[in-house]
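Next up: some structures, all given as structure tokens.
Two complexes, one shared chain (subunit A), two partners (subunit B, subunit C).
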Partner chain A sequence: MARKLPHKDVVIVGLGWTGSIAAYELADAGLDVVAIERGPWRDTATDYAPNFAQDELRYRIRHELFLRPDQTTFTFRNKMSDTALPIRTWGAFMPPNGVGGGGVHWNGETWRFLPSDFVLRTHLIQRYGARFLPQDMTIQDWGVTYEELEAHYDRFEYLCGISGTAGNLQGRIQPGGNPFEGPRSRPYPNPAQQQPFSHALFAKAAQELGYKPFPQPSGNMSKAYRNPLGVRLGPCTYCGFCEWFGCANYSKSSPQTTILPVLVRKPNFQARDNSEVTRINTDPDGKRATGVTFVDTRGEEWEQPADLVILAAYTIFNVQLLLLSGIGAPYDPIANRGVIGRNFTHQTISDVTSFFDKSRFVFNPFIASGAIGMCIDEFNGDNFDHGPHGFVGGGYMGQVQTNGRPIETTPVPPGTPRWGAKWKQAVRDNYLSALKPGTGVHGSMYSYRDVYVDLDPVYRDRLNRPLLRITMDFHDNELKQNLFLTDKFAEIFRAMGAQQVVKEYRKAPYDITKYQTTHLCGGAVMGEDPRTSALNRYLQSWDVPNLFVLGASAFPQNAGYNPTGTVAALAYWSLEAIRNRYLKEPGPLVHA
Partner chain B sequence: MPDARYKALYVSAALMLAACRFPAVQAGDPPTAQDFTEIERGRYLTTVADCVACHTDPDDGRPFAGGRPIETPFGTVVSANITPDRETGIGTWTGRQFDQAVRQGKRADGKRLYPAMPYVYYTKMSEVDVRAIRAYLGTLPPVHHEVETNRLPFPFNIRWGMRLWNALYFDSSPFKSDPSRSSSWNRGAYLVQGPGHCGSCHTPKGILGGDKVKRALQGYSLQGWFAPDITADSRRGLGQWSLEDISQFLKNGHNRYAGAAGPMAEEVMHSSSKMTDADLTAIAQYLQDMPGHSTARQPLAAGDPRMKAGGAIYQDLCAACHHQDGSGVPFLIPNLRAAASVEAQPTSVLRVIIRGTRTVGTQNEPTAPAMPGFGWQLKDEQIANVTTYIRNSWGNAVPSVGADDVRKAREELQARSE
Partner chain C sequence: MADRFIPPDSQTLGGKDAGCVVFIDRQLAGGYGRREGLYVRGPFEKGAKSQGQQSSQTLRELYRTGLASLEQYCRSGKAGRSFAQLTAEQQDEILHGLEDSSVQLEGAESSTFFEQVLKDVQQGFFADPIYGGNHEMCSWKMIGFPGARYDYSDWVGRHNERYPFPPVSIAGRDDWTPHKG
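Moving on to the complex of A and B:
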């Protein structure tokens, strides 16, 4: 029997980026806020200090900052006809854990989606006709437009001190920026980061091929920054330990370096760490959330009553909690009914590894940051005519190599033995003159009827809750897209003067054991129609109006960009509606 | 917060100061709770005097209820309950008794206080200011909290010994303003010498704990920290800091050079961050006039093996944040070039390297950046060398530190919980 805690105005599930944004906004509105976080409290100098943060074995290989699968995991299968099995070590993506969430270990790549991405279905049908889309593709419009989100993108970029070069200022195309981006109201708060040799060389080659390269928008500081909340960040040292790592130098935007120092000073904010929310409670008719139930590390169960529940966990855990709490109709792919679990997506990533003449090219790959890089956007979204190619979607591509770390980044030419003296010699020969961008081709993944999540019928976690089951595979559209993009990407490395270019296409079946990105999206998507979306355009549950669900779980499909900028913009958009409208008159913000 | 309320306060404070030249106020009469002006003035002065810091036990949390152990070189003294509780606090004290305690170090029962209670500074406060503090304390909720204040070992536990001490060290002469200086300078002098009691940490002490008055504010080691020289000395003190740098540091705990940590972080949090801008400027003006004492010294040669070894460690472990030239990042990472804490006894630097520290977070500077400890990672000799390197680079020139100093610092730190 859960013990009941004193009532709060707001309970937030998860204290990562969206949880921190929500907690700040609602505490700032004067509400009594508690955030419940599954993992531990995390602090720069205590948990990833400069004298031990740069430990590739501990953080990259052994997954120090991530959830332990013993605590909870998920099951996976490629096809509906397969039997899903539980995942016991992380592979394709890294479930975050702890205060700061993914904001601690991310790279800081902070993009805006294209204006057409938000009206994707309408846009593509208008341009190519409905028959151009694969029959089982379930892409949707978001119910919110780029224009509506612009101020919120801007808010997040200034909170973080994003370093970048504007490409479109109030409709005027700017030299050196991304000419395809939607209009932005003002420049980035910080100038772009300096680009190391290989990144600059990529830009030069891309330009010579007729593309318009630009620096990747980066949450790694190009210079010291004070954000609008008064919190300070220091300049990035280009140490090359960013993704998978916490930043030891206060140089990467994270909840810790942008919001939490101000949040913890607020007397009406409380955080409970090491506490895992097990369900969202509702009143008997299921129309109103009454709070949440959580367990602490001793296994004690507690009930936290609240007027407003904000779900702000990682994509799959948002969806799992909705399913476990019986909120919204679970998705049934056969009947094509229900909303919780549908339109689940990831990202279509591939890479090109290239080898250069070591007597002419010394790249020093260890000089890097998480969001360093020069990119092109000619082949993203609908920036090019898909008519002749027979697929939709696309992605940015770039020399975005984040590191030269010794375990992970030792590219050797194909045919080299996997170990021994010859391997060592090949590493020595190529370390300084080979390039491996990592996620060089960053393609979209659109949604399909048979890619979804539901509760596993067999496997359960330590609390006897069904695990979430992921059913996911690549479809022809994404494989064609990747073939096209990877070939274009490889051409640029050849133009840079590479002697050998090795293309690593993304292939089916989807491989759950190999890291791709942590950009899981969908499963509790936003939209205009309650029959095809779990949330309305303000991320409010259609079924339970005092429940808002933040995060990429709201994306109806994934675009060819890293999601964090859009995740945060949507959070600010939702919280503006909560502050300005919902709190004055609690109830549905959209009547369907 | 230079709002109208504080301006009014400042004006009324000035008027009261003027008034106190005439013996119009009877110290024996406690003010009534109706006397808003005096209570509000007392609230501010209680903040300036930072009464709450010592008179609150952090483990207990009840403000002003006493019980906090105060470390002195002679043993531990525990702060008294100064809430108006009639049995365990100061509820039955007359105004004169309170004044005697604060300004003369005499308890209501006639016994002597230990100078952990900084009456040697508070004696410079005016009678009306002390009366205002009493008026404010009288409005607090009484807390019943019995405190045994004296836990000193023999012979220091014999309170009458304090008579002798007072005869040697206690100058109870009133604050003297300097008519040749501006009123702001004099206000600063009053705050520093009196309620602010800056000297209790920053002025060197003799073997019996009395101030070396001729070296006022030139720095002193206490509680495992070195409270640096805050005179205008250009190397050891704040000589490079502008008026604004000083007032900003006091207000926000950070400026372009440094961040407040340790006991100074507490001071900023409880006291100076809540002071008026005019008062902080006044303090800065006065400090900028305080004479320093440094003598020119040559740094160790760059080729010295200790400098080479220390420089290599600095490159590996320190330069990413503090930068290769020691300049740091304004308001975030302290500047080590000619910093008062570096050009001093190495107590604070060793402590911070061994154990790490967190700077204070304030309303205007909420970041509260922290430095991790390196004590688990570096041997005594390595810490000694990197400390020596920092102390003899970029214009710094202070004696080298040896492995033995580091060993002693470690031992002392081990005995400390925080």
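Moving on to the complex of A and C:
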């Protein structure tokens, strides 16, 4: 029997980016707020201080800052007819854990989605006709538009001190920025970061080929910054230990460096770390959430009653908690009914590794930041005519290499043996003159009827709960997209003067051991129709109006960008509706 | 094996003198060897390659069976000698055999064992010396990686110029310690 804690106005599940944003907004509105976080408290000084933060083995290879699969994991299969098996060690994505969530280990690549991304289905059908879309593709409009989100993107960018060059200021295209982006109300809060050699060389070559390269919008500070909450960040030192690592310099935007220092001083905010929420509780007719149940490190159960429940865990854990709590109809791909688990997506990433003459090129690949890079956006979303190509979607591409850490980044030319004297010599010869962007082609993954998540019938976690089962494979549309984009990307490296360019296309089957990004999306999507979405346009559950679900789980499909900017903009959009409308009159904000 | 994967040459130590074996011993003695933190609940079924490693064995067990079985293979083979006593060419031939599974080991999948050792040797070679390998940062000196430095602000704008400073480990650098007389 769970022990009951005193009632709170709001309980928030997860204290990463969206949990921190929600906690701040609701505490600021005067409510009594508690956030419950599965992982430990994390701080710069204790968890990734500058005298030991630059440890590739500990953080990158042994996954120090991430969830441990023995806490919970997922099962995976490519096709509905396969037997799903557990992910025993992380591969294709890296679930975060602890206060700050993915905001601790991310690179800081802070993009906005294109205006057309939010009305994707309508837009594509208008331009190409419904028959142009694959039959089993289940893409949808979001129910919210870019124009509605603009102020919220802006708010997050100023919270974070994003470094970048505007491409579209109130409709006027700006030199040096991304000409394809939606109009922004004002410039980025910080100028773009300085670019190292290879990134600058990429931009030069891209420009000569007729593209319009621009610096990747970066959550690594180009100079010292004081955000609107009064929290200060220091300038990035280009240390090359950013993605998978916490930033020891307070130079990377994270909840720790932007919100938490103010939030933890609010008397009406409380955080419980190392406590895992196992269930959202509802009243007997399932129409109202009454709070949550969580377990502490001893395995003891506690009940936290609250008027308002904000689910703010990582994408896939949001979906899992909804399924385990019996909220919303589980998705059934055969009947094509139900919403929880539907429209689950990831990303379509590929890379190009290139080798240059070492007597002419010294790249010093270790000089980099997490969101450094020069990119082009000509082949993203619907920025180009897909008619002749027979696929939809796209991605940005760029020299976005974040590091030269040697366990991971010692590329050797094709034909080199994998070990022995020749391998050793090739490593020595190529380290400073080879380029490996990592996520060079950052492509979209659209949603399909047979790509989804549900509860696994066999495997269970340490608390004896069913693991979530991922059924996912690449479809022809994404493979065609990747072929086209990777070829375009490789042309730019040739133009940079590379002697050898090796294309690493993304191929089927989807492989759970190969890292792409941690951008899992969907499973509890937002939309206009409760038959095809779990949440309304304000991220409010259609079924349980005092439950809001924040995060990329709301994306009906994934675009060709990193998701954090959009995740945060949606969170602010939702919180604005809660503060201005819901709190005055609790109930559904949209009537279906 | 460490010296065959990373042979010594005139400029840089081989895997053995670089401490890769010490690195592996320490890693296996800790959580890594026990698969601490990984999902180890059954049932264990062999799945598709895209589903990842599904073995119930810990890495300690894999090393113990793999090494013993390799030794047995060598002693009962045509040379009749321990792996360590074979010539470099003979050792390479056996390692290639493990790699492409043409050499079968008793009780261990030869390619799984091979891939594990190769990965661990290379990681030990490149990881910070605090873990027992990469003796005196030999691999970092070999490639020009400055190690655990944390500020390249002055260098980000210096394009196509070789970074001139020697590497630093998390534990510092030898010449930071005053030497006797």
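As a convention for this text, the second predicted complex is superposed on the first by the 592 of 592 C-alpha atoms of A that agree within 3 Å, B and C clash if a C-alpha of one lies under 4 Å from a C-alpha of the other, contacts with A are read in each partner's own complex, and residues count from 1 in each chain.
Just so we're on the same page, contacts are C-beta pairs under 8 Å (C-beta built on N, C-alpha and C of every residue); 3 or more make two chains touch, one makes a residue touch a chain.
Keep in mind it's a predicted model, so treat the numbers as computed, not measured.
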{"item": "Partner chain in contact with A:235 - subunit B first, subunit C second, else both or neither", "value": "both"}
{"item": "Residues of subunit A touched, compared between subunit B and subunit C (which is higher)", "value": "C"}
{"item": "First (subunit B), second (subunit C), both or neither touched by A:5", "value": "neither"}
{"item": "Partner chain(s) touched by A:50 [first = subunit B, second = subunit C, both, neither]", "value": "both"}
{"item": "Subunit B versus subunit C as contact partner of A:87, first or second or both or neither", "value": "second"}
{"item": "Which of subunit B and subunit C A:249 touches, first, second, both or neither", "value": "both"}
{"item": "Touching partner for A:483 - first (subunit B), second (subunit C), both, neither", "value": "neither"}
{"item": "Partner chain(s) touched by A:77 [first = subunit B, second = subunit C, both, neither]", "value": "second"}
{"item": "Those residues of subunit A which subunit B touches in one complex and subunit C touches in the other", "value": "50-52, 235, 237, 239, 248-249"}
{"item": "Touching residues on subunit A, where the partner in the complex is subunit B", "value": "43-46, 49-52, 224, 226, 229-235, 237, 239, 248-250, 261-262, 265"}
{"item": "Subunit C residues within the subunit A interface of the complex", "value": "4-7, 9, 11-12, 32, 36-41, 43, 45, 47-54, 92, 95, 99, 118, 122-123, 126-128, 130-131, 139-140, 142-153, 155-157, 159-163, 170"}
{"item": "Residues on subunit B engaged by subunit A in the complex (per definition of touch)", "value": "317, 320-321, 329-333, 356, 358, 361, 363-372, 374, 377"}
{"item": "For the subunit A and subunit C complex, residues of the former touching the latter", "value": "50-57, 61-63, 68-70, 73, 76-78, 82-89, 91, 194-197, 200-201, 235, 237-241, 248-249, 361-362, 364, 366-367, 404-407, 410, 418-421, 424-425, 427-428, 431-432, 458-460, 509-513"}
